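The same chain A turns up in both complexes below, where it pairs with chain B and then with chain C.
Presenting the complex of A and B:
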């Protein structure tokens, strides 16, 4: 074994907060060999980012390394003064972040920003630095690098910005790159391109990389070794194949189970003991009787289109039908029009043309601003993407769930209302005593449950789910998905699942519709569509999804 | 619920000495405004030439003016008028401005643009001159001071509410309210406005101080409140004539009253935001 490039020994990081000191990292020991790509995986609050920040000394002022050592080539870098550390930044180690647009200076052209990074470590003329920057832009495979030198960050897409960040990070040939969720928030196809690029550059330059991510699949695909963290502790360290097929620690088991793969079924998302319970629940659900022949479909959308003043239509010629109790997935990259479509079906915005039939009855003629009076308002409900933004900060959880009941079911405040709200809370697994809390006092998973409870309070028949789990940790996602699946079976609730996560859609939905630039590219049975995509675009989407089964697929240098 | 809010308010005040001082200052001010005429030791209007221009003493705490009226009594009685003008003006501009601004911020588009330009034009005027012109045109009465002060304050509230609502209008909970059966206007009035209220309360309390100064300023130049009605601005204006002869108390005490009132309202602002925001309640 060669000498490790970076060795972290029993690292403890403490944050001083209003309620006393909090240990974010409690005794992490790990090492990175030169040229190795190490995956650091964990859910929010596991301390994975803090470990990265401690290494590059970018910790929040409230946090400090309370004990342990961080050895870079045998030198303890927690002890050296700030001035000396600055020399290490960039040249020895550098970091890229989750939101590339926020990490770039919005009023400086990207070429200059890369040149700045070079000039801060090397003495050379501005012209030489600019030439160097151009070379780097080529290295990160930006098209038309000469033109892009003078582009500003807002003129570039998210994926392009991340490439520029990578160019800045590798500008001084660091030996170690710490990538903190480098592709979170990017589309799957972009994610694949950026990760392939990163892996290629690391391999070509012999640069070691620590990939910090919440996505086990991503880590498995690109890293030779994966470290799992939970609550500031390192719980398991193994090559991805062993981690996935024979997880040792209880937490890893739970995490691996909860990460949906191409072949997982909804009941697989929990560990074996819990699966029994879930199957029992499913068995108890009576199969819904087939509706008599001639019944119109629950939802029948015909040639829906949405045009804004300028530019191409956001959605055009969108048609679909849904039966009661069916689940349909709507997938596509950002800008594909899936959110616009979901809002039109929810009747929150008006369609420019087209027809929406609910239960055989046209609901599109009533303008969206009048739709709150429609008797079908309570039949179509929606669960929003980010649970942190979907609850009124001035409402308690109880008020949130009670609100549609007061408005749409015309209930009056009193015992009946309280009972119904508690019933909804119980159905989504929200403890009753949390009902008096304000949103900021709830966790992300709890907020998501309040959002779902609110949506099902009036017993809707169609539930539109707008990326309902995108902001949640996988273990919470698993629980939420099972909950939705159960609601569908028990209440014969139709689910329209808008998502960019193909593994989740494949698992949750009977049928899937693929959208691109506002048009349907492909539609059909989920399994068939994903296993045997008919169009090039769908194939690209499916192949871009990091799959656990394809461990160590792309970086073997 | 009410008791929880009160407990929370007390908790904030305990942690923030300055806010507590400002709050008690405002309470004292309000108490004086209510009780003023009954606790004033002398009749604020009755003149007595034999006692004219006496310096502060135990008998006349703040001295007497050129007509022998007790300055201290006049200060106490004036509090009500000054406070009423300020509160009414700020109240009117807050209610109108918040509603106009919130609708503009929520709707966007042409309504937003035209109201926005109108507000820009208003703000391009020197506001005090605008107020003077309005009082002069509408007539020299207290109501008109209130109206003028309210109108020149309106642009600030409109802009503020517009900006605060605009950043929130696409959040999930706003759409959720609509999915729960609220119309656009009730989303604005019952959901968005309460959420921007804490930030606006800060603006309001800063504005109260400013409105008091504005009313006093108008009276100082002879618009609005007319003598012999006691009012801090007029008292400063009348006293100014005697400064050169060393009768400092005629200007100093009303000036001090004005300063303290403005200071209290300004300091109250930050504390109010903490009290009104449920997120601070942990």
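Presenting the complex of A and C:
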């Protein structure tokens, strides 16, 4: 066994907060060998990022290493004074971050930013540093690197920014790279490209990498060893194949179950013990009677298009139908027009062209500004992506859920309203005593439930879900997905599911529509579409999804 | 161009305001307190004050459109000439004051932001509070008392130069620059000495908003992801704080500086009075007190135009400083 490049021994990190010290990391021990890629997996609050930031000494000023040692090549780097640590930053270890665009200086050209990093460790002329930066841009496979040298971050796409960030991070040949959620927020195809690039560069340079991620599948695909963290503790460490097929720790079992894979079903998202409970609920639902022949579909969209002033249309020639109680997925990369389409269907924005029939009745002619007066406003409700941003911070959970009832169902404050709100809260599994809380006092999952309760308060028949679980941890996502599926079965609620997570859509939706640049590329029954994609684009999308089932291949090679 | 309607609105509004204010310029400018009714009536007719107000307004707008702002009854000169003579004095004073204020406020804000909650931070806060809560006429008099009366370092506060120095040929109207252009270093020194105290008085008052906004915006900038990136690759302290954090933090400071400048130019009449500075603000105040319509209207129009120009300059500066903004 070679000597580890990095060894963390019994690390404790404490944050001083207004309500006293909080331990974010409680005794983590792990080691990284030279050239190895280690996955550090956990949900939010597990302390995985804090461990990374403690290693590179980039913790928030409120946090500090309270005990434990971090050995880099045998030297305890927690003892190094701040001033001397600068020599290590970038040259020995560097980081790449989530949200690459924010991680780059918005008013400095990317070429200069890379050159800054080089010049901070090497004595050379500015011109030489610029040449070096250009080489790095080539190394991270940016097209037209000469032109991109003078570009600003806002002129580049998210994936491009992350490549620039990688170039900055590797500019001084560090031995250790810590990647903190490097592809969260990027499209699956971009994620694949960036991760492949990162893995390739790390292998070529013999650079050890710690991949910090919430995505078990991603870690499994790229790492030889995965460490699972929960609440500041390390709970399990294993090669990915063993972790997936024979998880030991209870938390790992839950996490593995909750991570959707290509073959998982909704009832699989919980551990075996909890599954029975869910199946019982499903069994209790009676199958919905088939509507009599000749009834129009619940939703019939014909040749919908949206044009903004300039450039290509955001959406063009979009047609689809939905039956009551059906679930349809709308997938595509960012900019494919899926959100625009969903906003047009729930009549938050006006279509430039086309027809939307709800229950056989046209609703497209009414301007979006006036649609709140339409009786169909109640029938079509929406659940937004970010549960934090989509709740009024000055409204309690009760007010949030009661708001549509007051406005759309014309209920008056009183016992009836309270009863209905509590009923909705119960439906989504939100404890009644949480109703008096404000959004900032609720967890992410609880906020998501408030958002769903609000959407179902007026008994809609079509629910449009815009990335409803994108901001949630997988274990919370599992519960929310099961909840949505149950609502669909019990209330015969139709779900239009907008998502970039193909595994989720495959599991949740009967049918799937694939969008690209505002046009339908492919549509059909979900399983068939994913198992046997007909177009090149869909195939690329499907293949880009990290698959646990495929793990081990890239590791062994 | 989009500011023209705003300027027009200001024009009409001031005109009406002046007509509503009590006081009759004709009475004021009649030869003496015992002038007869007929005499006042004649003056009124000469000034066009006997016409109905809409007609007066139209005549006024017509004149303004031809660049004629009317005649000041106080000085007997046209308002345009008066303003042209006095504006450079005000501009020189205000620009110097703003320069001093920025030069002290930005480092203060940065230091405070680097160690929030520390003694330094509280010290800066105290300094800012003092600067704001002491009125300029008090701080002005205090400075005169200390530096002129007690220490004798400053010259007597009587305008832009002392009586013994001859004026340089006027080119820019800015005395310090004119002296330099004329190669008269002694004269330049006299002008600078006269300028320092009033500029300092003015600066003291506006350091607070500038330092506070610098601090707030520096705090955001220092906590941002890109500063963390800069630290993660080991950039030097100076690079991180100045090139990365401060350059981003300076953007809102530019906006505030523009607003502060426009405000200082018009509102620091007290400083001009205390130091007998022959600026536009004290000119306008004198005119207002003597119900001299034309200079006040001209002054307001001038201020509004300067405000528009300054805002335009701020936008241009913003465009240079931030590549995300296009003008």
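Everything below uses one rule, namely that the second predicted complex is superposed on the first by the 551 of 557 C-alpha atoms of A that agree within 3 Å, B and C clash if a C-alpha of one lies under 4 Å from a C-alpha of the other, contacts with A are read in each partner's own complex, and residues count from 1 in each chain.
Keep in mind that, in the parts below, a contact is a pair of C-beta atoms (placed from the backbone, for glycine too) under 8 Å apart; a residue touches a chain by one contact, two chains touch by 3 or more.
Just so it is clear, the structure is predicted and the values come from calculations on it, not from any experiment.
Student: Aligned on chain A, chain B and chain C: do they clash or fit?
Tutor: After superposition on chain A, which the two structures share, chain B runs into chain C.
Student: Check the residue A:404 against both partner chains and state whether it touches chain B (first), chain C (second), both, or neither.
Tutor: First partner only.
Student: Considering only the touch criterion stated at the top, classify A:62 as touching first (chain B), second (chain C), both, or neither.
Tutor: Touch partners of A:62: none, neither chain B nor chain C.
Student: Is A:426 touching the first partner chain B, the second partner chain C, both, or neither of them?
Tutor: neither
Student: Please work out whether A:86 is in contact with chain B alone, chain C alone, both, or neither, and reply first, second, both or neither.
Tutor: Only chain C; A:86 stays clear of chain B.
Student: With both complexes overlaid on chain A, does A:168 touch chain B (first), chain C (second), both or neither?
Tutor: The answer is second: A:168 touches chain C but not chain B.
Student: Is A:312 touching the first partner chain B, the second partner chain C, both, or neither of them?
Tutor: neither
Student: Mind working out whether A:152 is in touch with chain B, chain C, both or neither, as first, second, both or neither?
Tutor: Second partner only.
Student: Considering 2-10, 20-28, 92-100 or 128-136, which region of chain B has C-alpha atoms that clash with chain C after the structures are aligned on chain A?
Tutor: 128-136
Student: By the touch definition above, which chain A residues appear in both interfaces, chain B in one complex and chain C in the other?
Tutor: Looking at chain A, the two contact sets are disjoint.
Student: Which of the residues in chain A end up touching chain C in this complex?
Tutor: Within the complex, chain A touches chain C at residues 56, 58, 86-91, 94-95, 97, 99, 102-108, 116-117, 120-121, 152, 154, 165, 168-169, 171-172.
Student: Within their complex, state which residues of chain C touch chain A.
Tutor: Residue positions touching the partner: 224-226, 228-236, 239, 243-244, 247-248, 321-324.
Student: If you look only at chain B, which of its residues touch chain A in the complex?
Tutor: Spelled out, the residues of chain B in touch with chain A are 171-173, 175-184, 191, 194-195, 278-279, 281-282.
Student: Within their complex, state which residues of chain A touch chain B.
Tutor: Interface residues on chain A, with respect to chain B: 343, 346, 348, 369, 372, 377-378, 380-382, 384-386, 389-395, 403-404, 407-408, 438, 440-441, 451, 454-455.
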